[in-house]
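Inspection log for the structure reproduced underneath, given as structure tokens.
The first chain written gets the first letter, and so on, giving A, B and C; residue counts start at 1 in each chain.
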Amino acid sequence: MSAPVSRRPDPVSRLGAGGLGGVRAGVELWLVLIGTIAGIVRMFRRGAARPKGAIVEQMWVIGNRSLLFVAVTLGFIGMVMIYQACLQFSRAIGDLSQVGTQFIRLIVSDFGPTLTAMMLATRVGAGIAAEIGSMKVTEQVDALRMSGVLPIDYLLVPRFLASVVMTVALAIVGAAIMYAAGGLTAYLSFGVNPRIFYDLQMVEGKHLILGLLKAVSYGAAIPVVSGFCGLRARGSSEGVGWATTAAVVGSSFAVIALDFALSVGALWLLGGDL
Amino acid sequence: MSGAGYIEFREVFKAFDGKPVLRGMTLSVGRGEIMFIIGTSGVGKSVTIKHLVGFLKVDAGEIWFDGRRVDQLDEKGFYPVRRRIGMVFQNATLFDSMTLLENVALPLRKHKRLRPSAALGQAMGLLERVHMGAFADRFPSELSDGMRKRAAIARTLTMDPEVVLFDEPTTGLDPVNARRIDGLIQELSRSMGVTAVVVSHDLTSIFTIADRVAFLYQGRVHAVGTPAELQASPDPVVQQFITGQSHGPMETPGF
Amino acid sequence: MLGERSITSLGARAVAVSRELGGITILFAQVLRALVPPRLDGRELVRNLYKMGNRSVPIVALTAFFAGGLMVVQSAPFVKRLDATSLAGWAAGYAVLREIGPILIALMFSGRVGANNTAELGTMTVTEQLDGLRALAIDPIRYLIVPRVLAMLIMLVCLTVIGDLVALIGAAVVAKAVLGIEWGIMYASFTENLKPHDFLHGVYKSMAFGTAIAVTSCYFGVTVRGGAVGVGRAVNAAVVAAAVSIMLLDFFLTYVNA
């Protein structure tokens, strides 16, 4: 399983090699994204090579497999977050009236999409990597190429589109559940009046746009990263295992990095008033 | 060799998922002999020896070793037995994250509480006994099947076992390496007095080194005796196997 | 009938889940028993500590940095509205120390180290190396599993502590770069408003997460069936199980140890 270790190179070489490897991987990842988008464009223009019903099938796979998981986890997280927030607010400010309004703002612009995507990165990302990875190691990907079909068109494009749509959909569902669960917790544990909690006055169009943008980005990133890892799988089913792991970690990290980038970008664009 | 044997199987029954494999298997193995258990694939040869080290539990029947019953022991109870009965697996099953030397040294460190340097020294000695000393620093994945088998044998010998079980030691090996393994088994028996129970369907091995042969068929020991006795047997089923015929009275499930 | 079929499959899944839960509990009990008295393979422990730590520090550090920065960005408008920039550190800090830090780091750890461990143990099981240990009268629990469980637990706690620190640094960096809040203000905000209990709350969680990740990871590794394909499936199951346990444990611990 582990390769024979004869003599490890010095730390500097390893760092350099690691850095170069990272850059190369980054470039390849970017190419996969470009390739996928090109594939989408190709699909809309040609229409003939479109895998019939594949998009809907993928949407079903993603949505069906993850709905319960997302709903339950986001519900729990919502409860925990409100509990912690109320605790801290009463400690520092003593007034809990703002908790609900701030919470929904954060849910819409950040937590809803991000947490949903983190959960999806685990379920969906692993699934995509495993599927594509197995196809790669059993040479089905090469077989596709021989019959003149670009693997990206056939494999990645349907999953890409399905993921974008379903991530947005599930983010909305997840956000709603988080909100509901949070309000319940605030009421039960801290006696916060639901009418005060469920107040949407702080939510503005820019929050919705940001949240939507994030959901779309995550929905795009997860299949691209996972598909990339799947296509890189080598060897046997063991290689598929590695690909799956890399996909989960890579997708999760991509979500966080994108969240950071988009949030900072939005903050900067809006002059600090988010 | 009559009377209570060193290793005894008495009317052992074992089934998997309702399918019976051993149906009243009775066998007696004497101390110091090389006993081959032969038969077609799937007849239950490996199943038989796995009972001896406690990897499987009998459904019915008794298994005796050196005058004591062992079939009722639990996992912990089998540890003392496993120090006296070693097993060489079909796939050698060396630990692939360690070198050969470390592989062989592991049981020495664990059971004889040797310091690492002493353990490695003894391990080297054992590796040289099986003519693998030159490869002590290699990893199992770098070596051929025959070499891994020999290293696995060395590792089993670290416990000074009285009995060594071999699960198809020559299956998948080229003729030269197969004969080398045969020679090793014989050497162990002659010079160290080890009792060897060998599961095999390698006819050349049988006729080269076996003291006695037990022919497993339909879940029972159909015939037992020296290789010469089996060769002279009038039983058509035995004859079919010994002469390696594909047609004959033998019922082979799955064909 | 559709309804009937889904109920049956739901029931079947519930049975499967409870079987896994039972198995995991048994393994946990075996690990605990092997720790009293603590006789385990020291070399294996050290080897695993090194391997697991090595593998995770970069990604944990990066994740933590971003997470800290994110919390500042989220709390920024609120803090600005109240014109209390000195509270910015507190706002980001408590979220990171109590929730975001432990959970995110645990998830990343599970994905990197947990999955890897399952794959290793799974492959060893499939190639009968585990049986090989038993045949040599070496207890796989003592020799193989306990060192890994301990190593994962220790590593996750260390990584959480390191990650917390990096996240706070990240928060300060982003606060300076994006919001123009000075280092001094952030530092004061941290030290004045964050209590040791906030930090410990997160550490206790990471201990629980670490144990959960370690035991589930090992469990799915040693119960692999069906060759190399089974290994892949086990890895998947282990990661999902760890994620669910983290969420559930977080939920309970938040209330129990507020």
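What we mean here is this: contacts are C-beta pairs under 8 Å (C-beta built on N, C-alpha and C of every residue); 3 or more make two chains touch, one makes a residue touch a chain.
In this text, all values refer to a predicted model and were calculated from it rather than measured experimentally.
Compare each chain's C-alpha centroid with the centroid of every protein C-alpha atom shown, and the nearest one belongs to C. Ranking all chains by how far their C-alpha centres lie from the centre of chain C, first place goes to B.
If you average the CA atoms of chain A and of chain C, the two centres end up 19 Å from each other. Each chain gets one centre point, the mean of its Cα atoms, and the points for chain B and chain C are 44 Å apart. If you average the Cα atoms of chain A and of chain B, the two centres end up 53 Å apart.
For chain B, residues touching at least two other chains, in rising order: 96. In chain C, the positions touching at least two other chains are 124.
Touching two or more other chains at once are residues 1 of chain A.
For chain C in complex with chain A, the residues that touch the partner chain are 59, 62-63, 66-67, 69-70, 73-74, 76-78, 80, 87, 90, 94-95, 98-99, 104, 107-108, 111-112, 115-116, 119-120, 122-124, 174, 178-179, 193, 227-229, 231-232, 235-236, 239-240, 243-244, 247-248, 250-251, 254-255, 258.
Listing the residues of chain C that touch chain B in their complex gives 124, 127-129, 131-132, 134-138, 143.
Interface residues of chain B facing chain C in the complex, by the touch rule stated above, are 53, 55, 75, 78-80, 82-83, 86-87, 89, 91, 93-96, 106-107, 110-111, 155-156, 159.
The residues of chain A lying in touch with chain C in their complex are 1, 69, 72-73, 76-77, 79-81, 83-84, 87-88, 92, 98, 102, 106, 110, 118-119, 122-123, 126-127, 130, 134, 236-238, 240-242, 244-245, 248-249, 252-253, 256-257, 259-260, 263-264, 267-268, 272-274.
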